[in-house]
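First subunit A sits with subunit B, and in the next complex the same chain sits with subunit C.
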Partner chain A sequence: MVKEIERAGLPVVHVCTIVPISLTVGANRIIPAVAIPHPLGDPSKTAEEEKQIRRRLVERSLKALQTEITDQTVFND
Partner chain B sequence: MSYRIVHYINQFYAGIGGEEKADIRPEIREGVVGPGMALKGALGSEATVVATVICGDSYFASNMEQASAEILEMMKQYKPDAVVAGPAFNAGRYGTACGAICEAVMKNLGIPAVSGMYPENPGVEMYKKSFYIVETPDSAVGMRKAIPAMAKLVLKLLKGETLGTPAEEGYIERGIRKNKFYDKLAAERAVDMFVAKLQGKPFVTEYPMPVFDRVPPNPAVKDMKNATIALVTSGGICPKGNPDHIEASSASKFGEYDITDVKDLTCDDFCTAHGGYDATYADQDADRVLPVDVLRDMEKEGVFKKLYNKFYSTVGNGTAVASAKKFGAEIARKLIADGVTAVILTST
Partner chain C sequence: MPISLKGGKERTMKLELHRVKISKLAWGDATSAKDGVLTVNKEELLSVLAGDERLTKVDVDFAQPGESVRILPVKDVVEPRFKLEGAGGVFPGMLSDVETVGEGKTLVLSGAAVVTTGKIVRFQEGIIDMSGPGAEYTPYSATCNVVVILENAKGIDKHEYETACRMAGLKAAAYLAEKCAGAKVDAVETYESLSLKDMPAPPTLPKVAYLYMLQSQGLLHDTYLYGVDVKKILPTYLNPTEVMDGAIVSGNCVSACDKNNTYVHQNNPVIANMFKRHGVDFNFIGCIVTNENVTLLDKRRSSSYAVKLARTLGVDGLLISEEGFGNPDADLIMNCWKAERAGIKTTLLTDEYAGQDGASQSLADSCVEGDACVTAGNANEVIVLPPMDKVIGEPEEANVIAGGWQGSLAADGTITVELQAILGSTSELGYTKLGAYTI
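Up next, the complex of A and B:
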């Protein structure tokens, strides 16, 4: 899906836990996430801390979308 | 003498549990477990399954390097002559684990390793160059065919027998070229193929071309303050009750859901339809998969102009690549028509 959205001309960022699969599939802008059943959350934290984790991942995603790249890029921070 | 084989399987095939147990750490047990019984039968007297390593799919996928190292150490204690992993069919995390382990076994222990997967399993694309993967159907229905083929291949490798072509042996092409002598000159063979092609007759190429499907990245978003951001997910998030009946695996459709006045995905209104991961956390708070709450905050703060008023969702669990391609293209068409600037796509 990521690749087809990109092919259609929309910049897309893939937030996912298993980065090697995302690279294999062909995503270009990749944000490593927290864990498979909760990529943008962490149930072991308080609701507030969890929302902060999520906020950071979304901020990183928006930053990735605003970054010019020429090849597949994993945005670690 | 009988060769010593260590078998690798996941928590599901070990009978430990499904997604709720997918985070178990690796353990090793003496003898066969689960599909190891069929493997033992197929190997006959020539090889023995001396031990079985079991690991949760999510644990492996989330800690690939550490889990591989732990598993190698466990395997070493049983002095294997070869390792068999899976078959993983079309299970993505399981296939990735089988691939990573077999690759590590070949590299670090210097012994043969064999697995079995469906060609669309992401583990195939990642590891097919490193070792032999037997082609299997997409589900465990194919177990009875997969296990004998894997046993046959590993025995051949152990005995140092020359392997035939992928089609002859039933493994997935690894991109290895071998020199071979023919009575006919290359030019003659090429003309024969060309003539067959012109006549619409079947012919087999001697050198299949690899297929690369890469899409170059689109230019970055220049004006985020005026951008409309859309959310898409393969994590199966949908309104409670899954009104479109998106399948828990091998999804045949995607859903389009309005979030015009939704500020937060609460457990009263949203859940996941996904059957390939433990749904507990997504059902409690779907923002953990699809970050609507945070995006609403940022929209209010003016970081970007607008969160698109619909999100698109499907279940990425054994879903055919052809279906995913179709969903992606359709979703993109709708988003572009509505003036969306960029997309955040989340996967579990």
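Up next, the complex of A and C:
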């Protein structure tokens, strides 16, 4: 899906847990997520902490979307 | 126990498997084995399984090779074994104490199996056909199956139900074998694991270890080592004979085709064959068990740690088996390239999800170092299973099982599914009836 949307001309950020798979399938902008069963949250944290996790992921993703890249890039911070 | 400084036998772990061959099941007054027949006292077996408040109904039935019988949804399969001599008991940390196993004498009811069935995660249980085309794809069509049917108490969590089913399977298997302790033994197999110091195999042969990947993703995708939830371990060394006494127990509710049932762990063909070739083609150094966890950090940590153990053991080659598919492919690939880059040759055992037409990418991940790979087949291949005279369990589960879809079950009982739905059909330990050789 990531590749097809990009083929149509829209840049995509792939938020995913297992970064090597994302690299193998050819995503260009990759944001590492939390864990496979809960990519955007962490049940061991409080609701407020989880909200912060989600906010950080979204803000990092938006920044990645606006970043010019020349190769597959993993945005770690 | 004192540590011998002299070397030799004190350090050897020797296990004898005393095989009592079973080719038929019968109900009777006393649970026993004689002349290939396993007689089961149904009431006594049910009394062994009684008393678990998590279960409202427990029943037992038989399914024997060649019968027009279908079992679904199957959770686990366990081989009846009982420790005749030696430390500990079967399924340590689970059913027995945590004492180290893998030495002494273990009774095996070869040809018999305990099959547990219940609707736990529903889409992640499997199908066993005892005859017809589906029987070719599951090794459990060739075993005489004591089927334990387990219904959960209302309101209990799925993980409690899974635990209850897992324990019932282990209890039934241990009970059946224990009752046959005096039976005439048909064959004795001896496995001897020597310490690295005492290994007599020619030093010119390469040293090869087995990297044994275990499903550990949580949410009922779990495996236990001496009762320890494997997602919580760092990779560790395991003596191959320990596995034969049930040191590894499956708690898995994952796609049926490539989950390693407890039975497959007990009978791991990779281990048996590496023993056979020890001292001939290579020196079998033993097993490194590792997990398949759900965070990238865990995957990176475990693969690095497993490869470090392999380097410390001084191995030249690693045989790596995967369990499951999808994100565990990333663990498999990380284990592969980290070992290869450390100068250790690897061979990978896996299966494929290449789509019903076989045209899609087979694994979710890949690396250039992975140039020796053995596949157990394409789990997406579609098969038509004709109706059976008798179904043990719930036939309509075919519509929700992984590999099935709404409409998989036809009105006449025919089931059309991917091989994914058949228990053990693409076993990544190679415990299958079908195979192919390159000529």
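The rule is simple: the second predicted complex is superposed on the first by the 77 of 77 C-alpha atoms of A that agree within 3 Å, B and C clash if a C-alpha of one lies under 4 Å from a C-alpha of the other, contacts with A are read in each partner's own complex, and residues count from 1 in each chain.
Note that in this section contacts are C-beta pairs under 8 Å (C-beta built on N, C-alpha and C of every residue); 3 or more make two chains touch, one makes a residue touch a chain.
Keep in mind that this is a model prediction, so the values were computed, not measured.
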Will subunit C clash with subunit B on subunit A after the two structures are superposed, or do they fit?
clash
According to the stated criteria, A:17 is in contact with first (subunit B), second (subunit C), both, or neither; which is it?
both
Check the residue A:32 against both partner chains and state whether it touches subunit B (first), subunit C (second), both, or neither.
second
Subunit B or subunit C, by number of subunit A residues touched
B
The only stretch of subunit C that collides with subunit B once the two complexes are overlaid, out of 61-69, 151-159 or 205-213, is 205-213
Footprint overlap on subunit A, where subunit B in one structure and subunit C in the other make contact
17-18, 20-21, 24-25, 35-37
Can you list the subunit A residues touching subunit B in their complex?
1-18, 20-22, 24-26, 28-29, 33, 35-41, 43, 50-51, 54-55, 57-59, 61-62, 65-73
Taking the complex as given, what residues does subunit B use to touch subunit A?
19, 22, 58, 61-62, 64, 92-93, 96, 122, 125-126, 213-222, 224, 229, 232, 234-235, 277-282, 284-285, 287-291, 293-295, 297-298, 303-304, 314, 316, 324-325, 327-329, 331-333, 335-336, 340-348
Report the residues of subunit C in contact with subunit A in the complex, numbered from low to high.
217-219, 294-296, 299, 327, 329-330, 333-334, 361, 364-366
Complex contacts: residues of subunit A adjacent to subunit C:
17-21, 24-25, 32, 34-37
